[in-house]
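Some structures to go through are shown next.
Shared between the two complexes below is subunit A, which has subunit B as its partner in the first and subunit C in the second.
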Partner chain A sequence: MRAYILRRLAQSVLVIWAVTTIMFFMFRVMPADPTAILLERGLSDEARNALLEQWGLTGSLWDQYVAYLGNLLVGDFGSSFLYRKPVWEVLTPLIINTLWIAVPGLLLGAALGAAIGTAVGWARRGGKLERTGIFLATVIRGVPNFVIGIALLTVFSSTLGWFPGFGMGDPGQNVGFARYFTLDFLHHLALPLIAVIIYFMPENLLLMRSGVVENRTEDYIELVRAKGVSQGRVAWHAARNSMLPLITWLFPALAETIAGIVVIEIVFSWPGVGRELVLAVTRQDYPVAQAAFFLLAVMIVLANLAADLVYGKLDPRVVYK
Partner chain B sequence: MTSTSLATPENRTASPATMQALATLNDRLAAKPAAHLRVEKLSIAYSTARGPFHAVDDVSFEVKPGTNLGLVGESGCGKSTVIKALIGLQPEGTKVSGQALLDGQEILGLSERALQDVRWTKISLITQSAMNSLDPVYCIGDQICEAIQAHESVSRATAWARAEEMFALVGLPASRLHDFPHQFSGGMRQRTVIAMALALNAGMLLADEPTTALDPIMQSQIMSRIRGIHEHMRRSMILVTHDIAVVAETCENTVVMYAGKVAEKGPTTDVLARPLHPYTMGLQNAFPRLPVKGQPRQALISIPGIVPNLLRPPPGCRFAGRCPFATERCHIEAPAVTAVGAQSAACHYIDRAPEFREAAARPETWRKLGAGA
Partner chain C sequence: MNQPSSPDAAAIRGRSLLGAMGQSLRLLTTDSFAVVGLAVLLLFVVIAISAPWIAPYEPFKAMMTESGRLNRLAPPSSAHLLGTTSFGNDVLSQFLHGFRVALLVGLVAAVAVGLISTIFGVVSGYFGGYVDDVLMRITDVALSIPTLPFSIVAVALLGPSVENIILVITILFWRNGARIIRSAVLTERERVYVKWARAAGASHLHIIMRHILPNIVRVIFLWVTMSVAFAVLTEASLSFLGLGDPTVISWGQMLNTAFSSGNLRTAWWWVIPPSLALVLLVSSLYLIGRAYEEQTNPRLRRR
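Up next is the complex of A and B:
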């Protein structure tokens, strides 16, 4: 078990190194000029070269790469070109903002999806619940997530006026860490959070449903029924076994969905890391973009590792070698 | 990693309180009488896209308390369908009619809730495919405890202690209760399923081809285990099998089913020594017997043909198409059940049975039919 985790960690480091390297060279071979965001057109080459030197964009690509890796190893992601602040300072508050909608959104989406999926899978085949459940899940899954966001905004913000339409708080409210504990913040959080839940739920629901449908006809379910336990308990056996494929999918999907939340952040003007990532790429703000991609890569790799470990906990047949 | 932490092999000795509770539970369970089952005119039709499939038609039999009834017939004759219906496990949409009185209580058509109380307390099941009958993600002990605790309000420790006793009864070491199904061989899983079926000492045991999935050596081990348990616990039992030799060794009474109908039934000795129905005769021929000294070696004779399609059952005797003695009448008119002493059979020519028996022992009787068909 321990040897397995160590080996997987070593592999993970390798994968992350590869992603970082590709990312580094990709940004540099793109025909663009990062100084364009700060310098007005026609400014002297001298000023421009001074900036490039300051940002470490002079010298051969190889030298730049070695310097970048060296800094990365000591946790230094550099300074943002635009904000002229260390990348960590730029990203940390944004990451926290994103986690506020991502973590509860994904957890609730997965839990609700699994619960409703079990109910739909356990319902009578061809019955009303099954048909409605599958229909709704498929439709929502097919709709692009910005449409979900816009629909929520139209109904609950514009028409009914129950929730604010954008941002994390009304002007003049607390800023800094204290703001997270205000009703105003929760009020702003509601719609984007619901959007994430609705966005993430259908796939969980459909996977869980097909698992339950498959498992409910297995011989072991028949024996559980024959034992005379409650209906709910029988359904639980089917659900418990259906979790195995769900978990395999869920963890990597979590990481990918965090990347997908960028759209929801933009629709709700939520100042999160996903939104910043898109902006950083268009601005040629290499350090921010590279750091954000690095974080995504780490998350996806760790999520895969977590999936494998959780799977072993859930399925006694899995052996780590 | 295992989800249980109750008893490791080292500290298996349960606490005195648990032992006390176990003794009380054991006494309560041991007091259950063997059940009496009377099945009357049981018909079962599966619903299919092409209409009802009459898997079982007008089947009646009785299991007296403490006796063992053998239900034999080739695959697709409705044996397992009868068993499933008795414990309420028929697929949704299946039409079940007739009566099944378990100690006087009608058990057909019960609600799911009412079935919960009957299942395992009064009637338990040894399944056909023990290989897949256990939930792969729970340890064996948990699955036995689940059955016990669903019906008896005892602590987990007590239920586990009872499970250990049941494991001893089927010859498995108690420490293996912590294992998961995939760590068990086929024979061990079958023993587990038997241990589970005995856990609440139900008055009626349904054994649905308990040895089909096993190799011949394991088959005979498991069968002698079942026989031993039957003699020891004196539960009423229905044993479904297609192995007529198993019935001969194990069961007091036999019901021979063919294409969803009872072809013949009666005390096993009578049915096997003097079969009245040509199907029983054919079935006997199809099983190997040990050669008897001084007698010619018996040839293995199979019955040509297959069971008719029960979406459109033939109007006459269902065996007519494969019967070497069938006449015009057999194809048109369904035979009534005729009793001869304790034995009975559904054949028009029951009075010619001795003559048929003689002919049926000759391979050419059946071969002619195969060539003609």
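Up next is the complex of A and C:
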């Protein structure tokens, strides 16, 4: 077991290194001069070279690469070209904002999906409930997340005016940590959160339904039934055993969610990491774009690692080697 | 006469790949959801092919009113069945041309993804050993690339064009397919008839073409169908984020223009057609994919 964890850890480090390297060369090989945006404001050659030096953009590609890796090891992402601040300072509040819609959205989506999925999986095969459930889940799963966002925005914000559809809070409200505990914040949170829930529910529903269908014909279910307990309790037995794939799916899903809600953040102008990534790329603010991308990749690797380890804890049939 | 009459010979001969493909496609017609999906898909293909002939105007042509002013945001009328955009373009013409981009990106990317993941999966799963180790470590790295962020960065750096979007989608989605196909190959490889054929002196190529591939055709089809859906979704998302090919019109781009010009609420005739078409297309693909899923997982079959 310990050998397995060590091997998986080493593997994760290797993967992160590989992704970082690919990304580094992608950003450097592309012909783009980050000082170009500043030149327009009248920058002398001297000042330009000083800036390049400061940003670690001088010397051979190899030197730059070594310097970059060295800085990463000590957690230094450099400074943003645009904000003229360390990247960490720019990204930290944005990460928290993203987590605010990603984590509750994913959990609520999973819980709702699991509940409905159990009902659909337990329904009579080929019956009305099963067919409607599968059909609706598959169709909703096919709705692109920006279409979900646009629909929510038009109906509940522009037309009905129930929720604000822009940003995280009205100007002049609390700033800093206190803002997360205001009604105004929750009011702004509602629509993007609902969008994430709708986006993630169908996949959970279908996963849970497959699990329940697979389990309901197992012998142990017959045994539970023979004990004479109610239908609901029998279904619960099948549901509990179907949660395993769902739980392991949740970890990588969280990482992918954070990456995938970029579009939802854009629709609702929610100041998160994903939106900043899109903005940084279009503004050619590469240190920010690179760091945002790196953090997302690390999250996915860690999530996969956690999923593998948790799976073994939950399912005694899994043997590590 | 070398008539292969013994049962051994029949077992070694295996199945024809084309026959297995035809059989898999026919299986779809037994699933009513998949039939609905196929019908929608067929309709979309017909519209995509005939788009230049049935579209009333050029997609980027600015429409003028009789008084010579730009015909902005006109609601549906007999001249413009789906109204006009804030730039005075005919929505119906843009919408019809959008079918072409969606299906082009979807199909080309899916074929590329299908080929690469099948080759990767089969080589890795069938030969095993070092080859498998190296190929699987490569997929490990590929799998930890965050999908949408990578496509945003890559398309922005390479330049937004249909070719680059297809390239990026292919780079992204072969990895999951390779994993799925590899595990399907692993189970097939251990089957008795494969060992039998091998013992009887069949070549690796023969075993792969006539024993392994025909039996995993459904898994490959499932992955190709899902890839079309992912490709369409990725292209639409990129275009919606403003990273679409500016020279061709796509549904994501229509929605991007409507969104960024602040006309979501008023210009429903501009927003609803592309949204609905995207939902219909992707859902139909998922409905077809679901039918394969039920077929490939024997535990899901009705008992």
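Operating definition for what follows: the second predicted complex is superposed on the first by the 309 of 321 C-alpha atoms of A that agree within 3 Å, B and C clash if a C-alpha of one lies under 4 Å from a C-alpha of the other, contacts with A are read in each partner's own complex, and residues count from 1 in each chain.
Definition applied: a contact is a pair of C-beta atoms (placed from the backbone, for glycine too) under 8 Å apart; a residue touches a chain by one contact, two chains touch by 3 or more.
Small disclaimer: the values here were computed from a predicted structure and weren't measured.
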item	value
Subunit B versus subunit C, judged by how many residues of subunit A each one touches	C
First (subunit B), second (subunit C), both or neither touched by A:144	second
Touched partner set for A:124, first subunit B, second subunit C, both or neither	first
Touching partner for A:27 - first (subunit B), second (subunit C), both, neither	second
Partner chain in contact with A:2 - subunit B first, subunit C second, else both or neither	neither
Partner chain in contact with A:301 - subunit B first, subunit C second, else both or neither	second
Which superposed partner A:227 touches (first subunit B, second subunit C, both, neither)	first
Contacts on subunit A seen with subunit B and repeated with subunit C across the two complexes	125
Residue ranges of subunit A in contact with subunit B within the complex	124-125, 218-220, 222-231, 233, 237, 240-241, 244, 312-317
Parts of subunit A lying in touch with subunit C, wherever the complex brings them together	11, 14-16, 18-19, 22-23, 26-27, 30, 32, 125-126, 134-135, 138-139, 141-147, 150-151, 153-154, 158-159, 206, 210, 213-214, 217, 255-256, 259-260, 262-263, 266-267, 274, 277-278, 281-282, 289, 292-293, 296-297, 299-301, 304
Parts of subunit C lying in touch with subunit A, wherever the complex brings them together	33, 137, 140-141, 143-150, 152-154, 156-158, 229, 233, 236-237, 240-242, 252, 255, 259, 264-265, 268, 271, 275, 278-279, 281-287, 290, 293, 297, 299-300, 302-303
Of all residues in subunit B, those that touch subunit A in their complex	1-2, 87, 89, 92, 112, 115-121, 124-125, 127, 129, 132-137, 139, 146-147, 150-151, 180, 182, 193, 196
